[in-house]
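Multiple structures are listed underneath, in structure tokens.
Next come two complexes built around chain A: one with chain B, the other with chain C.
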Partner chain A sequence: MSLDPRVNRLKLGDPTAVIKVEAGENWNVYEVFHQEKRGAHHEHVGCVHAPDPQMALIFAKEQFGRRKKCVNLWVVRSADILAFDSEDEDMFATNMEKTYRDASGFKVMEKINKFKQSKGTTNHVK
Partner chain B sequence: MLNKALTDLLTKMADDELILGHRNSEWTGLGPVMEEDIAFSSMAQDKIGHAWALYNIMEEKQLIGQSADMFAFCRAEKDFKCSHLVELPNAGYDFSLMRHFLFDHAEAIRYESLQDSSFEPLQHLSKKVKGELKYHTLHANAWVMQLGKGGEESYDRMQTALNEIIGLAAGIFEPSKDYEDILIAEKVYPGEKELYTRWLESIYPVLVKSSLNLPDMAGLTPGYGGRQGKHTAYLAPLLKEMGEVFNLDVDANW
Partner chain C sequence: MYGGGYIFDEPNNKQLREEKVHDEPEKLAAFEERIARGEKIEPGDWMPTEYRRQLIRLIEQHAHSEIIGALPEGTWITRAPGFKRKLALIAKVQDEIGHGQLLYNAAETLGKTREEMINDLLSGKSKYSNVFNYPAKTWADVTVIGFLIDAAAIVNQVANSKGSYGPYCRALERICYEESFHLKQGQDAFIELATGTPDQKAMLQDALNRWWKPIMHFFGPPDKASLHSEKLMEWKVKMASNDDMRNQFLDTYVPKIWELDMTLPDPALHKNEETGRWEYSDPDWDEFFRVINGGGPCNQERLQVRKWAEEHGRWVRKALMQPTEKHAMPVA
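Showing the complex of A and B:
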């Protein structure tokens, strides 16, 4: 089992250690990311309002994890997300012309198949 | 004799889940915030699901001479074996959260003990619901700790709710006069007295962290009676409402 060391894990083992609340703290918006199976990408699915990250995760579990297959969730305070301003979208404008940056432009399958054949592998990739 | 004892145990467990599931679902659409509304409603559905599973075990094992649905909805009030705690109507959200906390810890402890049950269907069910109950107690603990430390009014309301219902919650563990010994001897479950002790050990550290005081348990009268079919005045109207649609036509196919 490999776990991403960058991510904090909510420990369920000690029920008394879960929640820390600052008095008078305002509720925040948290973005929720859903993971369908272990090792898969977490995909953004929506947001919840909660007083702290732990409650956000607890809410997110029923909000976004109760129907489809789910093995884990992330919550991130929306305010911690940094994004470009929409008026700077022009930075990306010429992407479509730069097809030489697109991996699909490389014609290598022929070489790969030839290599596999030389190794005696019968499954051809097309 | 063992079959009668099993029926008694499964009936009281299932009735608790059915009635509290119904009570908690009365919050749907009225919860304090949308996220909590969804979480609480979802857990109420889980409870109905546990009741359904238990009634079905009784039907399959021919412990009851009728279908699970008929047993759930068409019994007389005196034949229900739910505890008084689950019968009480909702008051404030403080009350419902405290009841959720006290009941779901009891439920989690009970199912945990059933993982070693000699009655195979209960063993199987307890493994199936383990993850659900882990979430339920996590949710309950988080709220109780939030609100216990959420300022003076919040603290007062949670402590008041605790004081008011802790005796009724102790009533969950009313031992059966006739069947307790055989269920323990046959290793179906460890018995109500043992579960009560484990329950106190389970709720106490959370209450301490929440700055809430567990009342002196030796000095209070547990809310017994439900397991013998003696109920509060709140159960009959609830059963009438819950069975209203079903009883329009009990033979209808759903």
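Showing the complex of A and C:
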């Protein structure tokens, strides 16, 4: 007898019975993207198992939308995600050196100050 | 909730030892340097066979613990005292099932399918946290689980969330956030009984007395008896030793129990002020191993309920299956 009346009502089977789940029985995997507020990006938060995209959305709502702010969710089949191989990470290695792509790579104030200084000297002489 | 410090391993795993030899030393060195630098490992990265195997074992057993752990608490949903407690308990049990899903997904990124994990649970090959082989006899048991077992799990999970495997860390961050509600609602219900009528206090004391041993077992056997801990700590799979986590738990929570005038059934339990370590009597490790190997009061029922659920839910899963769909593992 179980302490749980619901368990007693189940009429549990033979404890030695072998129950096996077949491959694929837990469906497919969908990646979930969560939008916290209007105007924000959808951000990847995890994944769910589902038989199709519609069910994936329902499960995603249960799993990732039951707390805090959420205004929208996206799901996409994991198999449809194309990503670089993480071993190719070094192709981004020189990003930090490309200061010519960055505002910080251009020192306009230095030039302005230098110009003003030289002008100031000329004015003074005049 | 619920991951304990103890990760069951099959003794004498010979296949593993042979595979380990084949890890390329250069890749292994680069891998270990990466971890030493504090970088995370992601699913597509090269990793030692043993790292992968240990992580699958750890995360899978953590996932099973979430699913099985919902059973003793779920028992009390229909009988929870009052509407707010009922709502909170339903929400908590749903969270635990959700945590199981998050963790299964993290384990899947390492190459073991969901179905394989469920089959290993049902066959008894893969274990879950030992505390759930004990029954929740009264409402006070539910408050002890919600307060103290969740507290212990948080100690473990906060430590693990700083580990080296990215998908596991991300799952744990979300889990720890939700756990803070579990702990608080458990503590709230615990305090209500502790400060209530004499009957309520007696019921709580009885539950504490029965749960103290499983709680002491929660973080696993003493360090001196734990195998393969060193490598796992170097690889940041295991982030703190069993004894250290147990000590941290005792340090935070024993005072919270004592300040409510509740007692713990171990006269030897005290903090050694010189060493800063808690000392206690042997919590009967023979019982721990007996229970984890199937000899506990609820082992059989827990697995039977899981089997029942798998068997009776099968027609729904099959009706919805799309066999032509291309299957994949989670990406991250």
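Everything that follows uses one rule, which is that the second predicted complex is superposed on the first by the 76 of 126 C-alpha atoms of A that agree within 3 Å, B and C clash if a C-alpha of one lies under 4 Å from a C-alpha of the other, contacts with A are read in each partner's own complex, and residues count from 1 in each chain.
Note that a residue touches a chain if its C-beta (ideal position, glycine included) is under 8 Å from a C-beta of that chain, and two chains touch if they have at least 3 such contacts.
Keep in mind that what you see is a predicted model, and the values were worked out from it rather than measured.
Contacts of A:Gly46 after superposition on the shared chain: chain C is touched, whereas chain B is not. Of the two partners, chain B and chain C, it is C that touches more residues of chain A. In the superposition on chain A, contact is made by A:Ile58 with chain B only, not with chain C. With both structures placed on the common chain, the touch criterion links A:Arg77 to chain C but leaves chain B unconnected. In the superposition on chain A, A:Ser86 makes contact with chain C only, while chain B stays out of contact range. In the overlay built on the shared chain, the residue A:Asn28 is in contact with chain C alone; chain B does not reach it. Once the two complexes are overlaid on chain A, the chain A residues touched by chain B in the first and by chain C in the second are 12, 15, 18-19, 21, 23-24, 48-49, 51, 55, 62-63, 66. Listing the residues of chain A that touch chain C in their complex gives 2-7, 10, 12-13, 15, 17-29, 31, 44-49, 51-52, 55, 62-63, 66-67, 77-79, 81, 83, 85-87.
Against chain A, in their complex, chain B makes its touches with residues 33-36, 38-39, 42-43, 134-135, 137-139, 141-142, 145-146, 149-151, 205-206, 208-209. Chain C makes touch with chain A in their complex at residues 42-46, 71, 74-75, 78, 94, 98, 101-102, 105, 108, 113-115, 118-119, 122-123, 135-137, 170-171, 174, 178, 300-301, 303-305, 307-308, 310-311, 314, 317-318, 320-323, 325-332.
On the side of chain A, the complex with chain B involves touching residues 12, 15-16, 18-19, 21, 23-24, 48-51, 54-55, 58-59, 61-63, 66.
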